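The following blocks contain the structures, represented as structure tokens.
In what follows, chain A forms one complex with chain B and a second complex with chain C.
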Partner chain A sequence: MVPVDRRMLFTDRRRALLGVLGVAVALVMALALEGIFAGSTGQVSRYVETSPADVFVSQQGVRTIHMSISVLSADTADRVGELPGVEWVEPILFASDAVAGPEGRRATYVFGYQPGGLGGPRTIIEGGEPGPGELVADDSAATALGITVGDEVEILGRPWRVSGLTTGMTSIVNTTVYVRFDDLTQVLGRGDSVSYLLVGTAGDSQAVAEQIEAAVPGVEAQTRPLFSAEERSLVREMSTDLMNIMSVAALIVATAVIGLVLYATILARLRDIGIMKALGLTPRAMTRLVLTQAGWTVATALLLAVAITYALGSVVTAVAPDIDLVVEPASLARAGIAAAVVGAIGAIAPLRRVLKIDPATVFRRPT
Partner chain B sequence: MNVAGSVPVARRMLFGDRRRLAVSLLGVGGAIGLVLLLQGLWSGQLTQITAYEDNSGADLFVAQPGTESVLSDASVVPLAAVGEIAGLTGVEQVNPVHLHYTVFDLHGRKEFVLLVGSEPRGLGGPWKLAVGREATAAEEVVLDRILAYQHGLSPGDELGVAGATLTVVGLSERTRSWMTSLVFVTSETAARLSGSTMASYLLVTTPTPDETGAAITSATGLDTLTPATLAANDRQVLAEIMEGPVMLMIGIAFAAATLVVALTVYSGVVERLREYGIVKAIGARRRRVWRIITGQTLTLTLAGSALGYLMYLGGTWIVGRIRPQFWFSLKTSHLVVVAAAVLAMSVLAAALPVRRLGRLDPASVCRGW
Partner chain C sequence: MTQPILTASRLKKTFGEGDTKVAAVHDVDLTVRPGEVVLIMGRSGSGKTTLLAMLGAMLRPTSGTILVDGADPTTMPESRLPGLRATTFGFVFQDFNLLSALTVRENVEFALNLAGVTGRPAREQAERLLTGFGLSHRLDFRSDQLSGGEKQRVAIARALANQPLVVLADEPTANLDSKIGHDIARLLRRIATDQRCAVVIVSHDTRLKEVADRILWLEDGAFRNLDQMATDPVCGMSVVPQDALHLQVGGEVVYFCSSNCRDEYAAAEAGGRHTAHHSPPGRA
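The block that comes next holds the complex of A and B.
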């Protein structure tokens, strides 16, 4: 058996490469866009996912940290702490602002916690926990803003000394700083309230969360996985419409390129196809020929697109460390399905051309 | 004999196969349309982000010292400053306003919201009402019209937010910011929902912003910013977040368009090798061949770009119907930049076909006549 479809497609390697590259680049658009949003989704939920808390308690109706306002009375911690299954309770304060350094400003989350407690940075890679008037910043933001341990920065209208650096808490949107609970209470003027309660539990965390909601009025209690999922869904719901618009446009481009590749290949081999038709090639076989070529183009382009996207992710991370480009299996699956669909659609025009070939005409002397 | 000078070779090569030309134009047009869509969306976002500052009605925003941006900074000012400022020469009106970004959970979907708490009939409330009236009492709310439409809400409906029940009394127009809707309540409601009794900003009207601003700072120690300054700072904050990914997408889209043009012209060259060989054999020099090729790439990119612009207009119309929260805005400067990039693209796309023809031996194409 002669692999006619593959030979027709790849005989002219330059043209094949241009075509596969064109489709691959269109697929890279969709993959890269999804990858950036997937990376942002992961970054947004990092505080929650790296927290030792099993349950997060917030004001009723508030199910996230990002861009949320949660206010709990200070005695809520005592009431939660008395419930069975609760091992420890850690109150935290939360605010949003911008941290200013010598080389710029970055939007930031500000967490107020008890030093030595469980609401602060998971690791400190340089320096130490904050004392009065001090904060711990993220190393990535510190580098971007020209900050080192011992420097002074401004947040919430007052100066703070950088006592230490943590890592992994800066995203494309913002960074995170940690200050003492008492300092943030004073700055925010929140003498008798907290933002969230971090709760450690023994046994079934979901059961404890439900118990908290039943026993303490006016609160939401969510397990860490659920709370994290809520944070992730924020970014997803914010980006879904935008991504759909961009993905559709990218797939239109991919469809056109596939059509172009196949059409050019068919035109270049009209004579050969005419001979095959004269020798008995059926319409069904011709359809299979064209669709197989579409499949080869799409499959090769998809593999190339994945490779380019991974490479792009490495380059982006090196150039802009705050941008995380994550290629998820679901994203690859979607790209594969979309590529298969556009491959089929792109094959329509060349298929019509092939089916209309009159074998006799291809034997005429070319003019 | 100068055949090359009197026969439009480039045009005939390009238009010889109309089907292939149509598919190529679709590919180039799609990629350019995508570039324009991305740029238009980005510009629209930069316009949307400053919706509040641009329409608040204030000449000055009085803010916590060090505040530069509504988007990234949490300004807090004492309400006692209102009385101090009201008595200064040049101050016509001063009202406190609460601004808090927050998330509403509506019908199982998360909506980013800029919660605006203002005094009834004071500065900083909704600047245009489509339906109903302003919030004048506690637990009343005016929603952005698009947000209300997406959730099937209208005046008279109630919604639960952070443990409180708010009654919709009006729908506002053109009150969208970056990825968020503006929601207007009274100062009292905003204070209860945010847990803070202090204002975010004091809005001031004055015929002499510079002098009045200096007087306010001197009297209270607070910073004063014009809406234009705040808006510029907000755009910069947004640009620092999003500009990288947007430019990356635009770059990829241009790469796709360049490849489509290159593929079209290269395919045409390969199919017409005999004709090009004849043209070379009768005296067309390298420069003339280059002009034939770039003539094709230029025609394709210009025609594709025109189609791309039409696709952009069509795309924005469709998106405007199904997702009205997205704004698109293209300036002349953007079109100039895109046009320059398109020209560069046409030159780049010509490289491979020109190289192919440069190595073509005219004698070889005449074999087998």
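The block that comes next holds the complex of A and C.
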């Protein structure tokens, strides 16, 4: 078959390019928003994901760190440590506040850990572990806030000296600082309690988690993947409405662009379509022609949008290291489905116009 | 005598309602046989194109019947008309009406696709037809890269692609110079003779008279007897004597389609030997 649909769409390359670009930009908006969102949810759960712990133990009913308060009695660590399959237990304290520097303020997680233990920063790229009254900050936030090692900052109502810098623990939502367990105990006034237990296991982590819940009343024990998923799920739920609004806005723009592109193409080719009808093109074939044109437009735009989004991810990471743009397969699938729906809706008005064309117009002189 | 391939009986088409109602075609009877070239002439607005659109199943008549190869498009469901057009008719238009987004080969191939021939057979058949019309060197050109004569030959090749029973041609020589116009006229004649298809041409162009088996004059939507028609000696157009400007030249009366033709004729005549007469009111 002669590919009339593609020929009609792409013969005027400038119009086709503008149309595809318009749809691609709208899809990039949706993909980039989702990508930044996916990146930020990953960043928010980074402490959990980079932790050496296999199981996280929290107060019963508390399944996340973000937006949660977990209080466990101090002897819980000993009771968990005695269970078979448990190799080590590390208690941590958790609070959230804001860290202020000369260049501004930023929301922060505050983790209290035993220096030398497994609850602290994974790497220290400058300086050293915190001594009494000291903290380790993230390098990205430190740069943004104008903080360097040796500076003094205020968190939780008292001053702290920056002893070192870690990396990769700042997101667009917040940053992370690490202080000594004893210091945070004192600041929070929680002498006989801890927030969470990090547990290293030998063997099946899920079985150990179930065993902890069975043996120690009043606790919630989750494997690291599960705990991380809960963390991301919470962040996602908190932002779902906003994301939906932004995505719908992007898709409305895409629909309008597709509709306009196809309509403009149809208007420019009314005579050609009249000729095709006169020669015997059926309404069904005409419907297929318009839908195929919509399909080509959105498929080309989708490919372009994915390429632009990946390129944008690299640029964003280089320019703003705190922003992580992650294009997930599910996000691509959603964008693909949305593009197909948008293409079909955008084709309705052009299709109606095409079906109304009178084949006898071919006898009129073109104007 | 061979059976007619196309028959129209008491064909009528009116547009508008009430005071604005206009009968574009009324009580037209027409019979065309295979191999026959019928030329329908008439002034602009005489109903030629309306008649052609009805014969080609693009416009439903207000009343009357059309039979083409035993089928009546006037009563056929709308959904079947495209199929009838694709398989039974070949169309040649005044403005060529080639699809501008397609190449020469694709234009012909597309008509074959509509008639159900696809893939390599369609491509090869298109190439064969175009080569037959001397267009083998233009297969991958777009229509805007062709001359007028080439465009019309492509249009004729497209019209013949589906081996139609009837070729309907609307002013096929109007946009062509004299020589090319003659070539196209002879081509249409050859097609009718060689392929035994009926060719119905509507045109002002008197050059087409030489290839027509029959000439019909359409005036105000109805056929008139050509015996009563006169020919403008300047442009060659047929005119209705009682409506036309005329000059008395010696003992003869000469009729003209317009004052321009009359004046040109008069200027060519030396010494003002004849006297202009103003026939119908307002036509001076």
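We take it that the second predicted complex is superposed on the first by the 363 of 367 C-alpha atoms of A that agree within 3 Å, B and C clash if a C-alpha of one lies under 4 Å from a C-alpha of the other, contacts with A are read in each partner's own complex, and residues count from 1 in each chain.
In the analysis below, contacts are C-beta pairs under 8 Å (C-beta built on N, C-alpha and C of every residue); 3 or more make two chains touch, one makes a residue touch a chain.
In this text the structure is predicted, and so the values were computed from the model without any measurement.
Asker: Examine A:302 and indicate which partner it touches, taking first as chain B and second as chain C; both and neither are also allowed.
Answerer: The answer is neither, since A:302 touches no partner chain.
Asker: In the overlay, answer first, second, both or neither for which of chain B and chain C A:15 touches.
Answerer: The first partner, chain B, only.
Asker: Looking at the overlay, does A:135 come into contact with chain B only (first), chain C only (second), both, or neither?
Answerer: In the superposed model, A:135 contacts neither chain B nor chain C.
Asker: In the overlaid three-chain picture, which partner chain does A:275 touch, first (chain B) or second (chain C), both, or neither?
Answerer: So A:275 only meets chain C here.
Asker: Counting only touches as set out at the top, which of chain B and chain C does A:283 meet: first, second, both, neither?
Answerer: Only chain C is touched by A:283; chain B is not.
Asker: When the two structures are laid over each other on chain A, which of chain B and chain C touches more residues of chain A?
Answerer: Greater contact footprint in residues on chain A: B.
Asker: What is the contact status of A:347 with respect to chain B (first) and chain C (second): first, second, both, or neither?
Answerer: Touch status of A:347: no partner.
Asker: Per the contact definition in the header, classify A:359: touching chain B only (first), chain C only (second), both, or neither.
Answerer: Second partner only, chain C.
Asker: Could you pull out which residues of chain A sit against chain B in one structure and against chain C in the other?
Answerer: Residues 366 of chain A touch both chain B and chain C.
Asker: Where on chain A is chain C touching in the complex?
Answerer: Contacts found on chain A: 1-2, 4, 7-8, 11, 269, 271-272, 275-283, 358-360, 362-363, 365-366.
Asker: Can you check the complex and tell me which residues of chain B touch chain A?
Answerer: For chain B paired with chain A, touching residues are 17, 19-20, 23-24, 26-27, 30-31, 33-34, 37-38, 41, 64-69, 71-76, 100-103, 105, 109-110, 112, 160-164, 179, 193-198, 237, 240-241, 244-245, 248-249, 252-253, 255-257, 259-260, 262-264, 266-267, 270-271, 274, 315, 319, 323, 325-326, 352, 356.
Asker: Name, in rising order, each residue of chain A that touches chain B in their complex.
Answerer: Residues in contact with chain B: 12, 14-15, 18-19, 21-22, 25-26, 28-29, 32-33, 36, 59-64, 66-71, 95-98, 100, 104-107, 154, 156-157, 172-174, 188-190, 193, 218, 230, 233-234, 237-238, 241-242, 245-246, 249-250, 252-253, 256-257, 259-261, 263-264, 267-268, 316, 320, 323, 349, 353, 366.
Asker: Any idea which chain C residues touch chain A in the complex?
Answerer: 49, 52-53, 56, 58-59, 79, 82-87, 91, 93-95, 97-102, 106, 109-111, 113-115, 118-119, 158, 170
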